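To keep things simple, chains are lettered A, B, C and D as they appear, and every chain counts its residues starting from 1.
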Amino acid sequence: MSYRVAILGASGYTGAELVRLIATHPNMEIVGLSGDRKAGMAMAEVFPFLRHLELPRLVRVEELDFSSVHLCFCALPHGTSQEVIAALPRDLRIVDLSADFRLSDPADYEKWYGRPHAAPDLQKEAVYGLTEFYREEIETARLVAGTGCNAAAGQYALRPLLAEGVIDPDEIVIDLKAGVSGAGRALRENLLHAELSEGAHPYSAGGVHRHLGEFDQEFSKVAGRPVRVQFTPHLIPANRGILATVYLRGEPREIHACLARAYEDEVFLEVLPFGELPSIRHVRGSNFCHLGVIGDRIPGRAVVVAAMDNLTKGSSGQAIQNANLMLGAEETAGLMVAPVFP
Amino acid sequence: MSYRVAILGASGYTGAELVRLIATHPNMEIVGLSGDRKAGMAMAEVFPFLRHLELPRLVRVEELDFSSVHLCFCALPHGTSQEVIAALPRDLRIVDLSADFRLSDPADYEKWYGRPHAAPDLQKEAVYGLTEFYREEIETARLVAGTGCNAAAGQYALRPLLAEGVIDPDEIVIDLKAGVSGAGRALRENLLHAELSEGAHPYSAGGVHRHLGEFDQEFSKVAGRPVRVQFTPHLIPANRGILATVYLRGEPREIHACLARAYEDEVFLEVLPFGELPSIRHVRGSNFCHLGVIGDRIPGRAVVVAAMDNLTKGSSGQAIQNANLMLGAEETAGLMVAPVFP
Amino acid sequence: MSYRVAILGASGYTGAELVRLIATHPNMEIVGLSGDRKAGMAMAEVFPFLRHLELPRLVRVEELDFSSVHLCFCALPHGTSQEVIAALPRDLRIVDLSADFRLSDPADYEKWYGRPHAAPDLQKEAVYGLTEFYREEIETARLVAGTGCNAAAGQYALRPLLAEGVIDPDEIVIDLKAGVSGAGRALRENLLHAELSEGAHPYSAGGVHRHLGEFDQEFSKVAGRPVRVQFTPHLIPANRGILATVYLRGEPREIHACLARAYEDEVFLEVLPFGELPSIRHVRGSNFCHLGVIGDRIPGRAVVVAAMDNLTKGSSGQAIQNANLMLGAEETAGLMVAPVFP
Amino acid sequence: MSYRVAILGASGYTGAELVRLIATHPNMEIVGLSGDRKAGMAMAEVFPFLRHLELPRLVRVEELDFSSVHLCFCALPHGTSQEVIAALPRDLRIVDLSADFRLSDPADYEKWYGRPHAAPDLQKEAVYGLTEFYREEIETARLVAGTGCNAAAGQYALRPLLAEGVIDPDEIVIDLKAGVSGAGRALRENLLHAELSEGAHPYSAGGVHRHLGEFDQEFSKVAGRPVRVQFTPHLIPANRGILATVYLRGEPREIHACLARAYEDEVFLEVLPFGELPSIRHVRGSNFCHLGVIGDRIPGRAVVVAAMDNLTKGSSGQAIQNANLMLGAEETAGLMVAPVFP
């Protein structure tokens, strides 16, 4: 069977990444694409790398006909997403890639995003989209909220450890290095090649990055008590990729065993042999996440490093993985493409 | 049906690219991998980006059993290839990715490679692997010689034009920009990040680059008279990609029409609308080649620009395309993966 | 003696490059900085890399007092520059870095820039700022028009050859590779890191790039007859640098001898030994231009390659060199800083 | 007065950086250059970016005449350095850039470098070269040991804080991002452009990086008790630069005040306003180190970030700063060159 999908916000990077991956998906077909500012244009004009594909022309959201659509990916900007989704048919399956439905508590949403949520009923309905940990809920969900890309990397490194209590939940530092595509296709001075190439710098440091909202919500849930992590993201001169270096208190071998056990059956989560650490370039363009554990010379301290592609496993690949579950397709369908190296 | 293939020289970039592409090939299975210097190692150690795949361990060539192998890819260094292939079973189908069998005239080989060929009988047998122009010969060939990556880019831009006589064959300049992976995984000072990043420079200029041997052989054959092009390759700070800017004498519209007509049915060769020019980043990681034509303000002059990925369409993708033909598989099998952008 | 200078448009890349170089200039002092959109800000906020310097705060142009200023650098956008300069004191020495006064013929200006010049009297007064060829005029000029960065690279490669008639003036192809800072600090999608890194593509091809106006004007003047070159600029993933590969008809050794002779006494123009070609990375951050000549295998054809930093020798370094001449300072003052490598 | 200096190991990156900086030093003159593997070559051949300079030809160390040399920079590989220096005249002033004399305790040296020191008397004599903290000793020293580049970055962030006791010395995590030139010009696979570009990964993690020897020695000395930090260096795709993100326990404002006070009179150490964090690209190519402090949302936790150029402030710039002190020259001579941006 072939599933008909639409993509809202197809003129951004996550939208394009959805198209890239669906292009070789065995049973998913793109029947609608929206991109308000670029409505009327062909995808080949907006993204010439997709010109070999036969794709619908970009239209405005309200021009799309959802009657025969099995599932809709929503890759719109934060804030816009909740408004658009509120106006979509209420029986349409949706995977949202924005931040709008990641936090389930309205107060949390307002705290981190600075305004009340415009669709609190949908916020309540939405299932958090970290596939490996919400598989059953996702299978039956109508609305799935894709996680933040940084949030996903941090959670893959930490959830099993918090769940099993093998680390001190009050002593967690996440130092994260992120490629520039995570910031989207926005026209901002700090995203220019000349400003970024040959550089590296922290941003949203000191506890203000919005993905902390997800960390707080999820880690506290997993640990059964409030957990607050320290988190410093850095921008590095790479287009894709997240490398999360996580500093922990606990027995390194126990930490490694815990992660290896937790992800034993997971296709996309690879735990490296103890002492080996991953690299962004080994997951680029793929849905795989590599995880490594090493002990420090100071007893009782360990470092977990997670590497993944922010656009794939951190966003559009995850979205397709969730869509596969929601549609009853093979979970890995369209996602087994190998990383691109070099 | 599933075809069993072996890859010799799997520890280099073109070998790894073969594995990457075959990983999602619907009917090709890797049953043997050789890599002399890294014999005994797992591919995941040599190329951690392939760790999600179940692959044979690297062995020495002589340890491989070819009895049940349908086809062998040979990604060995130039010079080594001819010796190794000469020792392989004479009924084994082979796609060679080295330079060893590209030139059919022993004198030409000696001129460009500085020594006599070690397997002149095989040299005679080999079919030149520029798929779109040697499709029939390749289908029945036992030994196919993959083209040089730069040579492929230049030929896609020029062959139909020379064949139809719409350009002056004595007035051709190919200015080529190449990513660094084309030089392989060799430990050379000029391939270090610190020597290459933020730079750009010509190399093998003035008529000494070996791919000129292919240009001379093929263009003269196509034009039915000797053709000598001017060719200056440049190294640019990108990992993958070739951009060939070709300066020509002829009517720009006629040139565009000629290319569009020639490649009308070709899946992997995309001729852009007249006046649009391609970019490396729109073909990266894929088997597609984008071609653009523009006229100059000086009447009777035109520029053709070809963009492709040196490791894919320029080498390993081409090799699989040829293997598909030789094995009777779908020509595009395993090759429809979209470019990776950004 | 110390010369007091002002910089208009100090919040762009060429403005910042002026400040960087003047910072170690032995007898130049910055007494005024304008930047309309960032008026009121400290330079350290706009360009944190300059924070070690004591600099005037950015103000609006009209807030500057020119009464004690010896010379004013104008690094404003094209179009704005002519309006602002027209309103400055008529006895103020000015080095303009924009395109506004490069073309001396009003018709040429209108042809290439699409509108009539707003200050035709100043246009007539302006001296073209290619230092090595207009030294005497610059020494006594009040208004000097900095050349285009690409235009400078091409002219260094070609002027002596056209002047001495050692090449065919009807057979010139300039294939140019340019770093991204040449496009300025503009917020344009194609200048984003994610759009440019790992890529390369031509732009303004086919005879429409505005620096062709300068080539036409200058080359025709030098050759004493109309000269029209073919010119294709390409954007490469580097922040700084221009590499111009120039294809010529003429005797390679004669071409080399001609350039070597012409630049024998020039501090900043280095002609490499015959057969050696330059690289962007060897001039980055400096006022030097390296030139190389090689012959082709086709007799009577040669390639000249020029490498320079677009922001330094191509713009701000040239501007200071001209200012030194206008002020009676040592021509090389502040400009002998070595390239930054790696 | 002009000081005559020699540079041993001038064919590596730190050697070349010494030459680059000395090129504009007002009173230092290079009278000898050694480079064993490249003996006989001109520096312009080894480093074409230095071709505008008149420099002595590279010779073997034993060919150098030190009789009229005021000071010798030794930029040789670790291990070699101690042997060569042991054979130099005992009254020759030396600034060593290798790791050989950084650790003053023979047992420490053997622990971190895996073999006994070959010149234990010199090891005892050597002064640690972190200029701002050893100024008086350096002024009268004969042999100064340049610090590790990572070690310098970490110490600038931490020394005043440990000295004044404003942080918990048992809770220090240094997460460091380093450009590739820190690894030198070695031919190693992981330093190839194709292996590094678009990537990022930790190396020497878990407490084995040799700069920990310096951290242990210096921090324990400063704190008056044993201090052991956690330290994870990462390689990022940039040529130059170190960004050290340091996680601390203490009052953020107090930490900021402590650093600001400590570096108030230091020309090269810039403490940014509280809450602002530095970036590699703002110090590239210069001798400046930018330091920023921010508080975390978790009370009592802070992050200090230090950015500097590994080749300049981290190595060759520091060496010249020390040489200036030893020779009685102005401490900042030759070092006030501004960073290169973009």
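By definition in this document, a contact is a pair of C-beta atoms (placed from the backbone, for glycine too) under 8 Å apart; a residue touches a chain by one contact, two chains touch by 3 or more.
Keep in mind that this is a model prediction, so the values were computed, not measured.
Of all the chains, the one whose CA centre sits at the greatest distance from that of subunit A is C. Each of A-D and A-C has its own count of C-beta contacts, and the greater count is at A-D.
Look at where the CA atoms of subunit A average out and do the same for subunit C: the two points lie 45 Å apart. Taking each chain's centre as the average of its CA atoms, subunit A and subunit D sit 39 Å apart. Multi-chain contact residues of subunit D, defined as those touching 2 or more other chains: 13, 181, 194-198, 237-240, 278-279, 281, 284, 342.
Within the complex formed with subunit C, the residues of subunit A that make contact are 13, 180-181, 185, 187-189, 191-198, 237-239. On subunit D, the positions that touch subunit A within their shared complex are 173, 175, 177, 179, 194-202, 205-208, 212, 228, 230, 232, 234, 236-241, 243, 245, 247, 275, 277-281, 284, 294-298, 301, 303, 305, 307, 342.
Put simply, subunit D touches subunit C in their complex at residues 13, 16, 19-21, 23-24, 47-53, 181, 197-198, 239-240, 267, 270, 272, 278-279, 281-286, 288, 290, 336-342.
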